[in-house]
Amino acid sequence: MIQVTNVSKVYGGKKVVDNVSVTIPKGQITSFIGPNGAGKSTLLSMISRLTGKDSGQITVDGKEVSQWKSGDLAKKVSILKQSNHISLRLTVRELVSFGRFPYSQGRLNAEDEKFVDEAISYMELEDMQHKYLHQLSGGQTQRAYIAMVIAQNTEYILLDEPLNNLDMKHSVQIMKILRKLVADLNKTIVIVIHDINFASFYSDYIVALKDGAIESEGKTENIIQSNVLRGIYDMDIEIEEINDNRVCVYYG
Amino acid sequence: MKIRYLFAAVVVLSIISLFIGVKDISPLELFSMTEQQQHIMLVSRIPRLVSLILAGVSMSICGLIMQQLSRNKFVSPTTAGTMDSARLGILVAMLVFTTSGPLIKMLVAFVFALAGTFIFMKILDRIKFKDAIFIPLVGLMFGNIISSVATFFAYKYDLIQNMSAWLQGDFSMIMKGQYEMLYLSIPLVILAYLFANKFTVAGMGEEFATNLGLHYRRVVNLGLVIVALVTASVVLTVGVIPFLGLIIPNIVSLYLGDHLKKSLSHTALLGAGFVLFCDILGRIIIYPYEIPISLTVGVLGSGIFIFLLMRRKAYDL
Amino acid sequence: MTYKAKLGLLAAAAIILVAVFLFIDLGGNWDYALPRRIKKVLAIILTGGAIALSTTVFQTVTNNRILTPSVMGLDSLYILIQTTVIFVFGSFTLYKLGSNVNFLINVGAMILFAGILYKILFQREGNNIYFLLLIGMIFGTLFSSMSSFMEVLIDPNEFQYVSDKMFASFNNVKTELLILSVIVVALTLLYFARFAKYLNVLSLGRDQAINLGVNYDYVVKRLLIVVAVLISVATALVGPITFLGLLVVNVAYEFMKTYRHSHLITASILISIIALVGGQLVVERVFTFSTTLSVIINFIGGVYFIYLLLKESRA
């Protein structure tokens, strides 16, 4: 379980994350939503020890994040951030193989190769696994990175705006795969997402941040409500139900 | 800092500058100077004061122009290869046009300085990596390369000590008859004042500027020409004074913000004051010997630059 | 062409060039000339290898193909130390100090300086590598102004010693230094071996490296120390060769077309040897010593650097 207690972070005099406490439920997809600058990405970064916190505690399976040996934590928690524009000559398979680094430090054995194969087929990348990354489209590259995270085989997967730069078809594809990961492999997934409809359709639990603090949190159906959303986004958002799903109409 | 304080400081420093030197001339003797003292005043002290002020003002303004044009706080003649290009130009002039007068030398230096700065701006356009610190890094490396070309030729013709002596920033050699080239910077600085706002707009990018009806190419080229010409004349007359164009505009921006009309006058005055201060310091510390301005400004300048960098808030810029 | 074939090609070229260098025009006095040439070749292999390795590591850690460790100001520091000693104590002292002590002073000072820079870098979160480099460069400019100042005041006869130091030269490498350098480099390589496995992952960038379990700050700091030591030794041994690393590593990358450091490092070391031995051959046979190798390499490297910048299609 991931437990965040009274965590704060200050950037340039401004409290970007302000005394946040939250428990991430296991075996579910939790979405962090909120307006720009709300602190969602920063919070995610701190959970994965990518960024240090100024105060508070974050524990993963009972142990403080800063106390974990980085190599061990890498087998528990994986994070994929937004900007992945490295200009290396890597094939898809080589990139996905990096996901096994915490286990084999670069020397892959048969078991590692199995994980890599599985991750690649999960993301339907078999045909292009030997293509170079720079030959792929943005969507395909993103899928390759997600395959890498899958190969890393961690219980907790953190994704920071994974749908940026993806077209509709691939966005849906990725979200469906995330649901599969939870259903088949009992992963716990936390995503920062700014499209509230994807959050509505695919998450079990939503944490809404505003100005660095938690504005509201709860099960999806309780958060995707006009009055709650107004508190988060300062906007009037109509909710329509289509096929048991709540759709937010904020355009008008 | 109000501008009148700056102005007063410059005046005070100027007066001090006039009266420090190997030959004792006290301010009390101002109206009863001996002929020898008068001579020193006219030939050495006053020209020195004038060139200090001109160099300080013009180099600082150059830095400001470059920063406006490139939208980067760390671009300056030192960090864009301009100084080193001018240096190379003078070396070439020394080797190729040995007997020519200072005007030819300056012209050659100007051409090189312009070429170097121009190439740097082109490089700037191409760099996609927008980290603000990366730019001056590239500029310094670029300057290094040009410098090593100059050093190579100097080595070949056994001119290294010569060149170092010639081009090291040093006001002690300023005398009547040898510094007049610097007066060139006055019309250039005035031009800079007139075009200041246009430089700012040009700095926003070609499309933005053209949309507002600005002749982008013309304005940028004018800015570069001014910078190259001023740098060439300063390097030729005084030598290389590192970091001046970098730190003065940054200090002004710290306490005044970036509103151009206001910062221009402050930049000019602070530049003059800083150079005067360093020069006086250099003349006092090991009196009656002098520490050349390049060293004092180099030491103080790098110290201040590093301080500016360190205090810059994390993730800022 | 497979990686093995490519590396084989490079190795063959290197061996041929070394052989030519050793045996060309040997003449009758070979028992005099050969040992000296062997020493030169060893010095070249050592320096070339050190520079190639440290630049590769440096570029991986900074995720940037355009930077080289000598821009940290180490070159200028080296010249400053030499100039200061001659200025303050005269060239005779330099001579009396003995090359070993001089060497150790240089290496020590450069490593110390690098250490200070790193401390500044890692002090605050949010400081990136470029910050470190910029500060290094500023110090470099500062050191240069100080050197220039002293250069002017040094007796022209003494100045010969200074100007000799300003340019890297393999023409006169001392044996004692060679032995000392080999020892220092060997020890450094042993230390480096612990962290070599992280290089591939580090090239993915800071975030990915941490994600995959690398103790980023710890590893990067140590790798940078390795870089500093290697560059210091190379510079103290033959003088400043600023752009060799840049040239060699980029060529290796273009030629090998891989991300794997095991291939990249081997290739860059071989290319480095080819460039230096080949270059030295050209300097000796074609230019007949009228210029130094470092000037040629710096110039070519410099031009290549500008080319790299102008063709910047990716960050």
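Should a chain be cited, it is by its letter among A, B and C, assigned in written order, with residues numbered from 1 in that chain.
Everything below uses one rule, namely that contacts are C-beta pairs under 8 Å (C-beta built on N, C-alpha and C of every residue); 3 or more make two chains touch, one makes a residue touch a chain.
These are the chains along with the protein names UniProt gives them: A = ATP-binding cassette domain-containing protein.
Here the structure is a predicted model, which means the values were calculated and not measured.
Of the pairs A-C and B-C, which shows more C-beta pairs in contact?
Comparing A-C with B-C, the pair joined by more C-beta contacts is B-C.
Based on the averaged CA atom positions, which chain is farthest from chain B?
Taking each chain's C-alpha mean as its centre, the farthest from chain B is A.
Identify the chain whose mean C-alpha position lies nearest to the mean of all protein C-alpha atoms shown.
Of all chains shown, the one whose C-alpha centroid lies nearest the global centroid is C.
If you average the CA atoms of chain A and of chain B, how many Å lie between those two points?
Each chain reduced to its C-alpha mean, chain A and chain B end up 51 Å apart.
Report the inter-centroid distance (CA atoms only) between chain A and chain C in whole Å.
Centres of chain A and chain C (C-alpha means) sit 42 Å apart.
Just how far, in Å, is the C-alpha centre of chain C from the one of chain B?
Result: the chain centres lie 33 Å from each other.
In chain C, what residues contact two or more other chains?
In chain C, residues 125, 314-315 touch at least two other chains, as defined above.
If you look at chain B, which of its residues touch at least two other chains?
Answer for chain B, listing residues that touch two or more other chains: 314-315.
Among the residues of chain A, pick out those that touch two or more other chains and give their numbers.
As it turns out, chain A has no residue touching two or more other chains.
So in the complex, which bits of chain A are touching chain C?
That would be residues 48-52, 69-75, 78-81, 84-90, 94, 98-99, 101-102, 105-106, 152 of chain A.
Taking the touch rule as given, give the residues of chain C at its contact with chain A in the complex, in rising order.
For this pair, the touching residues of chain C are 63, 125, 197, 200-201, 203-205, 207-208, 210-216, 257-259, 314-315.
Quick one: in the complex, what on chain C touches chain B?
Per the stated touch rule, the residues are 64, 66-67, 71, 120, 124-128, 130-131, 133-135, 137-142, 145-146, 148-149, 151-152, 154, 156, 159, 163, 166-167, 242-243, 291, 295, 298-299, 302-303, 305-306, 309-315.
Flag every residue of chain B that touches chain C in the complex, lowest number first.
The touching residues are 74, 78, 119, 122-123, 126-129, 131, 133-134, 136-138, 140-142, 144-145, 148-149, 151-152, 155-156, 160-161, 164-165, 168, 242-243, 291-292, 294-295, 298-299, 302, 305-306, 309-310, 314-315.
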